[in-house]
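First chain A sits with chain B, and in the next complex the same chain sits with chain C.
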Partner chain A sequence: MNSRVTQRLVQAAFVASIALLWHFATASGRVAPLLLPPMPAVGHELSALAADADFWPDLRTTLFELVMAFLLAAAAGTAAGYAVSRTRYAVRTFEPLMAGMYAVPAILLFPLYVLFFGLGPGSKIAIGATIAFFPVALSTVTGLSGVNRLYLTAARSMGASSGQTFRLVMLPAALPAILAGLRIGANAAFMAILGAETIASFAGLGHRIVSMAESMDTAKMFANIVLAMSVAAMINIAVSAAEKRGWKHEQA
Partner chain B sequence: MTPAAPAIRVQNVSQTYGAAGDPRRVVALGGASLEIARGEMVCLVGPSGCGKSTLLNLIGGLATPESGNIWIDGEPVRGPQPQKVAFVFQESALFPWRTIQENVELGMEFQGVPVSERASRARESLATAGLSAFASHYPRQLSGGMKQRAQLARALALRTGILLMDEPFAALDEQTRMVFGEELSLLLANAGKTIVLVTHSLTEAVFLADRVAVFSARPGRIKQIVSVDEEHPRRQSFMTSPKLAQLRNELYDLLHDEIRSTMNLPVAEPGQ
Partner chain C sequence: MSRPEPAVARLAVIALLLGIWEVAARAFGNPLFICPPSRVVASFAALFRDADVVEAVYYTSFEILVAFVIAVVIGFALGLAVGLHRFTRGAMYPVILLLYAMPQVTILPLFVVVFGIGAVSKIAFGVSHGVFPMIMTVAAGAQSIEPILLRSARSMGANRMQVLRYVVFPHLVPSFFAGMRLAMTAVLLGVLVAELYVSQAGVGRFTSAFTQTFQPANLFALIGVLAALAITLNELCRRAELRFSRWCAG
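The block that comes next holds the complex of A and B.
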């Protein structure tokens, strides 16, 4: 309990010292406001965002892309992970293949996806889903193929059918690993989508940030970056909470 | 089913792990035979790797013997028989995502027992195992001894005639094992079940069993069967009695050379 309080204090102090550093750097005039705008200017822009007519459609575009990419990756990743986990042969064959492909920077596919799906949300959904697919599939394989053999033996000895074994033993046993994969996938998809939007797009948070940088409106750009960061933080909090519920027996 | 048939009959059963020609091929059981009467408690003891646990899994239908036959109630074993045989495993085989009550109910769920009956049978067997107060706890909140009692409650709730226990006390400290052994003796004396228990502890074997089957070193065969003529339930006084000590020494003498041979130590000749 006590160490938890001090942890929070240290975290708060860390954030505060970065803010202070920012403040002194800009207030002393040694850093050009074009490169690093003063904090109050960014704060002002941040509060002006809500009133900006363009802002909400852009946020909606990015969130729509994220949700679609995540759903696609979750469905395809768990299905592929399940298929591979069925036999030990498939695990040994395909798991290294998937791990190898996960290590390739999939953002390289983005130009191709633009050709396939255009500059709109289609190419962002495709890149987000591609990048999120691998952690989901890999952790599904790990979760399902790593179920304690004793659980399976015990279930068999008590007369479980193969359907019951999957639904009542393998799935709950693998759930923590699968949820961890979904969390990593959601974060990766968000990063990929924002990145892709900064490369080639018509709309979205990444698109806004680039166009503001291009028009040298740094204060506005920082406000949008802060906003994108808080969206990322909220996604992380939401999926972590879902993950914790899946882990409840481990926390007990 | 033949009423006169023994509860369990094992005839010349052998089991091998690994393919033929593989240098790591191991003959775990080399022709074991054993008959166990209804309501009898038999302990299997022997050096590690002698195939005690293998035999237990074969009796329970979790594996198929390479050669030989096993009958339960006069019928050949062809797979798990959840209506007749329940297991208590070595480590905690409780499912960590289920409460103790839910763990006990799971086997009945597999077998299609109606929900209301599941709950009442689970409560009943948890009470027998002294765990009523812990029904809604998760396994990791329980001590090692309590987890094994919960496993026992899960097996009892299945209401099988036969209970197979694979070193149920292995992970417990000695004091807990002794107290648990006493509880088990009391509990099982009233249950009227046929029980086969694998153990490393000779004291425990003598304390609990009607008969103790002593295995030879690998390839395991049953070297000798020692009868323990003592009423159930057995009390603490039996634990410390000269009779128990004498039987345990007898088992130790039988096992001594087998254990030396599994450790690759020379077997001492008399007079050396």
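The block that comes next holds the complex of A and C.
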């Protein structure tokens, strides 16, 4: 009991000491405001951001890219995963191939996508979809090919058609793995899109942060980083909630 | 029965894809944007006769290795601290989880503002990616040591160093190598993203130059080299993990 209180105190002290360090470093003028803006300035920019809401077009661009990339990856990933999981031979042939490609940092393809799709949303959607495709496809394969054979035999012996077997046995059994893959894919796509916007773009949250950094407007940049992080946290919460609902649906 | 081995079928699939790419690029591709794989292979030689490109690849490999070593050392120390002591775990683990959950690409411009556009910002960004998986894996490994082993070592008169040396470290070998593999994947991502964002002497300079001057053959070749580098480093870590986690199975 007592140690739990002290642990909370240590955490609070950690956060407070970072805040204090930040405050004194900037207030004493030892750290240039160009590198680390004073805390009140960031707070001021944050409230200005909330008041103007001029981030909406950029937020909309990023979310549009995320939704498109996610839908593409979800459709292509589950379809490819389903196709591969049909036979054991296909699983043994294609799964190592996909796992190997998944291990390569796919952001390397981004310069190529810029060449193909331009600097606009196209290249971000493409890179987000590429990165999200692999976790979705791999977990679909794992989920569908890992269904207990006994259930399949039992369903068939009780006269289920192949459509019924898929809908009533395979899909419910594979759903948790597929949902987990979709969650990982959504997060990976968002990171990739933010990164791609940072590397080369016209618009979007990543682009906002970069343009503030390049105009040396560090306080504004910090405010925009806070904004991007809260969006990421909200996406995380939304996706986790969707995954939990899927679980419940499966159990009901 | 008549089906070929999966490995052979896999190679056939890859060959088929390359063939489709070759034909499609020759028939429909705009040479400004895409080029057939045969041209990519041909441009390898020319690309690597360019001393600047070779140096950039070395430079980036150097950034990756330095970032990896720093991430592994810091991650191991913090993971040990978090995993072995209940108090530090309670105090630090939530903070570490919170930091890990942050989308780190958003602070990439900050790294560049603070550390400049040279190697230091790439190394720092790589470390910030690689250190967290290392902490997590080592902490999980240290937590899974049975308390009775620690207690019996201590009751037989082992001092703190001896407990670490003979009980904790041997137990941590598998998670150490598993953490190294995850850290390598993350460090590669961090360093390469930072390289692509802004670069002075690394490969990022050439990827953006080739994109802006429409040289797809060189771009494909350079990306192929980087992908091969990533695959090799990942594979080395995976092999090491397989090799050094074997003792605990037996």
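For the reader, a short list of remarks on this structure follows.
Throughout what follows, the second predicted complex is superposed on the first by the 212 of 252 C-alpha atoms of A that agree within 3 Å, B and C clash if a C-alpha of one lies under 4 Å from a C-alpha of the other, contacts with A are read in each partner's own complex, and residues count from 1 in each chain.
The working rule: a residue touches a chain if its C-beta (ideal position, glycine included) is under 8 Å from a C-beta of that chain, and two chains touch if they have at least 3 such contacts.
Computed from a predicted structure; not experimentally measured.
When the two complexes are superposed, the chain touching more residues of chain A, out of chain B and chain C, is C.
Of the two partner chains placed by the overlay, only chain C lies in contact with A:206; chain B stays clear of it.
In the superposition on chain A, A:47 makes contact with neither chain B nor chain C. When the shared chain is aligned, no partner comes close enough to touch A:230: not chain B, not chain C.
Once chain A of one complex is fitted onto chain A of the other, the partner contacts of A:17 are absent, as it touches neither chain B nor chain C. When both complexes are overlaid on chain A, the residue A:156 reaches chain B alone and has no touch with chain C.
When the two complexes are overlaid on their common chain A, residue A:215 makes contact with neither chain B nor chain C.
When both complexes are overlaid on chain A, the residue A:169 reaches chain B alone and has no touch with chain C. Those residues of chain B that touch chain A in the complex are listed here as 60, 62, 80, 82-83, 85-87, 89, 91, 93, 95-98, 106-107, 109-111, 137-138, 140-141, 154, 158. Listing the residues of chain C that touch chain A in their complex gives 3, 6, 9-10, 13-14, 33-34, 86-87, 90-92, 94-95, 101-103, 105-110, 112-114, 185, 188-189, 192-193, 196-197, 207-208, 210-211, 214, 216, 219-220, 223, 226-227, 230-231, 234.
Residues of chain A touching chain B in their complex: 150-151, 153-161, 164, 168-169, 172-173, 175, 248-250, 252.
The residues of chain A lying in touch with chain C in their complex are 3-4, 6-7, 10-11, 14-15, 34-35, 89, 92-94, 96-97, 100, 103-105, 107-112, 114-116, 190-191, 194-195, 198-200, 205-206, 209-210, 212-214, 216, 218, 221-222, 225, 228-229, 232-233, 236.
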